[in-house]
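Just passing along the structure, written as structure tokens.
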Amino acid sequence: MSKTENLAQHLEKLHINNMYKNDFYWTWDKTDDELDAIFTVADALRDLRERNISTRIFDSGLGISIFRDNSTRTRFSFASACNLLGLDIKDLDEKTSQIAHGETVRETANMVSFMADVVGIRDDMFIEEGHKYQKTFMDALDEGYEKGILEQRPTLVNLQCDVDHPTQSMADLLHVIHEMGGVENLKGKKIAMTWAYSPSYGKPLSVPQGIIGLFTRFGMDVVLAHPEGYEVMPEVEEIAKKNAEESGGSFTKVNSMEEAFKDADIVYPKSWAPFKAMEKRTELYRAGDKAGIDALEKELLAQNAGHKDWSCTEDMMKLTKDGQALYMHCLPADISGLSCKEGEVDNSVFDRYIEPLYKEASFKPYIIAAMIFLSKVKDPVAALRDLEKRGGKRKEF
Amino acid sequence: MSKTENLAQHLEKLHINNMYKNDFYWTWDKTDDELDAIFTVADALRDLRERNISTRIFDSGLGISIFRDNSTRTRFSFASACNLLGLDIKDLDEKTSQIAHGETVRETANMVSFMADVVGIRDDMFIEEGHKYQKTFMDALDEGYEKGILEQRPTLVNLQCDVDHPTQSMADLLHVIHEMGGVENLKGKKIAMTWAYSPSYGKPLSVPQGIIGLFTRFGMDVVLAHPEGYEVMPEVEEIAKKNAEESGGSFTKVNSMEEAFKDADIVYPKSWAPFKAMEKRTELYRAGDKAGIDALEKELLAQNAGHKDWSCTEDMMKLTKDGQALYMHCLPADISGLSCKEGEVDNSVFDRYIEPLYKEASFKPYIIAAMIFLSKVKDPVAALRDLEKRGGKRKEF
Amino acid sequence: MSKTENLAQHLEKLHINNMYKNDFYWTWDKTDDELDAIFTVADALRDLRERNISTRIFDSGLGISIFRDNSTRTRFSFASACNLLGLDIKDLDEKTSQIAHGETVRETANMVSFMADVVGIRDDMFIEEGHKYQKTFMDALDEGYEKGILEQRPTLVNLQCDVDHPTQSMADLLHVIHEMGGVENLKGKKIAMTWAYSPSYGKPLSVPQGIIGLFTRFGMDVVLAHPEGYEVMPEVEEIAKKNAEESGGSFTKVNSMEEAFKDADIVYPKSWAPFKAMEKRTELYRAGDKAGIDALEKELLAQNAGHKDWSCTEDMMKLTKDGQALYMHCLPADISGLSCKEGEVDNSVFDRYIEPLYKEASFKPYIIAAMIFLSKVKDPVAALRDLEKRGGKRKEF
């Protein structure tokens, strides 16, 4: 039996009726079966592509991407996922558009979506803004579709907001599932999601939030570690606690990197900005207080600099389970002695984990494609079987 | 009988032999039958897409877009139209190209068109320049095709020049046809194309010109209203007059918004710059007179500010036929109290018409696709029938 | 027999087993048969396209382009070539990516290539850097592919480095082959690759280097002419010498444009920067010595200005074989009295050769497509025959 057929049989058993024509904002909106379905379809699409079988389900159509922050890997992952399914990509570049004229989100949403099947949005810079933008955008598309303005209602893929970064955390988790030899082996494993020092400022909180909001669902011991003052959003901590209780795992908060690393199976050391500072920054931006923003930046860089010992060094790695924990990062990392003087991780550690790190990243296009597939295809089990049976070649000759 | 078959039968009766391999500069270059054909094919393509039937007529090929001014909706409409027919889109971004080196239009035209089936150009900033640029570009492609440099002669779609904005006016008209229940119901209807106050400066004249140059062909009473000093190009006024005479409608010019709105079935209040000022601006740019340009801008903003009463308020709307005229705009509008303090239209008026406004915009991709289709397909009647009969799915599963 | 079948029969006789899954850095890496194969496939793809036969060999897949310098014609040529074969194009824009964060080439290479079949790179600004960047990039992809991070190993097409500009020189040569009526007619023909005056500064050396490194392989008399101080890379001169010996042609260096033009069959007058100055500039950039760079620029512009007599004037053209040499240029040229006051060529000369110049450029998309085709298709002879036999229409109706 082929791998894809195997995966189709697994998919058949899941309750996923709610996924068709639905959006993806946050992992905690989704049931366990729905997350399972995404992993399953991602693996199937990868299997088909590895066997040079076309997974084109669109003859034409557009994937719209809106990046309100810089991006390389998510940008290319989204483009790859769209291409894999037959969609063309069209970036909305707010600089060359008339959006500067002050048009509303509602209007923009409709104007770019006449032939869009998917919209991918990254808006992670401002606490309390990113998710709101995505929600406003999609509500406008609901309205546009209902009123016959749009021929189809595009699906949202959240490419990172202020709250969650689901394409990242899902790719991370699928990587862990593959590394551990199956989702059933996650139970009881310890993962340390820890803050790490970076010479830069204001990195989004959505990665640590995404990790604790997702990994707690699989019976793992999830430890969130950071210096005092680097708290994440309390709402997401609540979700992590509840998840851990339900899944039979645990969610712990500590203020010591050493404690988090101790006997960890997985470590995820990464810088982020303090939640409260980001709230303050959002207010300063709203008020247009340039001097206040500059002052805040200086203050935060000084605060960061007080925690240079929060770094994933070789010594720190020795504390982990057999000194061999799986090192993870969403990339790009601030690598001490390579991309900066002092950063999140020693070059020797990073370099030893290059292969798993890049593999981790390689799941993202398939996770995105699976999200689109499950939202667009009414009967995904039949569709996977059809694609395999039909056996169209991705590359001829 | 399907809607598409119905439309194909109508198309069969029209005299449109001239459209194959032809460009689209201005609506007044085209016969009534040719305009009818565009509306007909636009409706047919929309019908097919709504029924998930592929309208791909290209297996590969490029649509080149050149935006010498900002754009969102026209940019995405062009991209959508190309995608609908199977063409990839490639933007010519003059900033990252070698065009800054001073190459000629003739050279650029050929260099970007080796595999181009369509070229869409927006060049609306300077009076006496936009159309000239498009014409020079297309003449160069004629030459390139004749001499065997290009395998195919790409078609031009004018995405807005200094004279006309045909994809806008045609989408506007198709919207009106649908709202009025058929083109035959346009006769005797009054449309007020009126200037409106905007806090910004130098908006193109091609929208009002496009509207009076097109709507006068359908037996309508077209009223052009603006404060003294905001005249449009006299050549286009002449066309409007001639059209009105031939179609049995009328073309009137007034200097009062109230008069224009009185009993109007349709109102189109929108800001634009005075023709003579735009002529002067073009000269100042040619001369590189920065100080002169700044002085002109100040002068024009002051001139605008003298006409803040030219605004589509609730009171103004009450003057229209039963207080219920169809409000139109090419978007984005300057909305009082939403996108600016005082602008073209009251927020409450704009908001009440959101649905028809977005529908109006939704015709543009299909109008563009129809223009391309009729220029590229030798027997469009047979092609529409074939597409329907073949019934390829746009989205499988 | 069709032209394509004819070309397939020729291709059948060539030894090209090494081309499958291989990259294209420099023409002198390739055997004569391999270059012949590229010309042959380029002609076949053009023949098929002219006959409206689809040459799509990819159902989906991406071509990634990285332009670290401005580009119009190479950018559109690469996009056209990808489109011709069925690949979507995705530009890596380093300004909107996270590359500014300081990530390594190794990481970028893997992150953008998950679904990439081809990577086209232009990096021509700095001597000793361009080729190194391409090599590092492709080595990283080797590693990524071996370790299962990438499903496929993308092919490199060098879109211009500091050493060679193979898509240009190959397009140039295919043009010459067609103009001369066959590759066998090149023997004994004289080509003058000469420096010419330009008011701009620092143009890449890769064009003259590419020309002398390639044209010397066909038994031609290749003359490289430039003022003293404008030497090209000595390694490439060595290659040219060796080529000339083996092919029975000659490679001569002179310091006189007149001498080079004398009785030439072909002239290629074009500005470039002195190799030693470019080495110095690279060092200054590495050291971040802004003042030094400015001083060097001034110095080089002054040096250029001492050689304004190196211009392809009407008088100069009279020196060539029957006054009728084929004039070539990679475009855009600095045209005296058109794009600059004094430049590389008289407007009247340039204008007379517009048709062959644009034809010269028109080969580039096909050369690039042929490079991709031969690297991606295991049995290119069978594939060409299949494409022709299958006869899928590029444009239906």
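For clarity, chains are labelled A, B and C in written order, and residue numbers in each chain start from 1.
In this text, a residue touches a chain if its C-beta (ideal position, glycine included) is under 8 Å from a C-beta of that chain, and two chains touch if they have at least 3 such contacts.
Model, not experiment: these values are computed from the prediction.
Common neighbours of chain B and chain C (chains touching each): A.
Fitting chain A to chain C on C-alpha positions gives a rotation angle of 120 degrees, to the nearest 5.
Of all residue numbers used where chain A meets chain B, under half belong to both copies. The two sides are thus made of different residues. Averaging C-alpha coordinates per chain places the centre of chain A 40 Å away from that of chain B.
Counting only residues that touch two or more partner chains, chain B has 88. Looking at the complex, you find that chain A touches chain B at residues 56-62, 64, 88, 90, 92, 96-104, 106-108, 110-112, 114-115, 117, 144, 147-151, 376-380, 382-383, 386. Remark: chain A residues 46, 49-50, 54-56, 67, 70-73, 75-77, 79-80, 83-84, 86, 88-89, 200, 331-332, 334, 338-340, 354-355, 358-359, 361-362, 364-365, 392-397 touch chain C in the complex.
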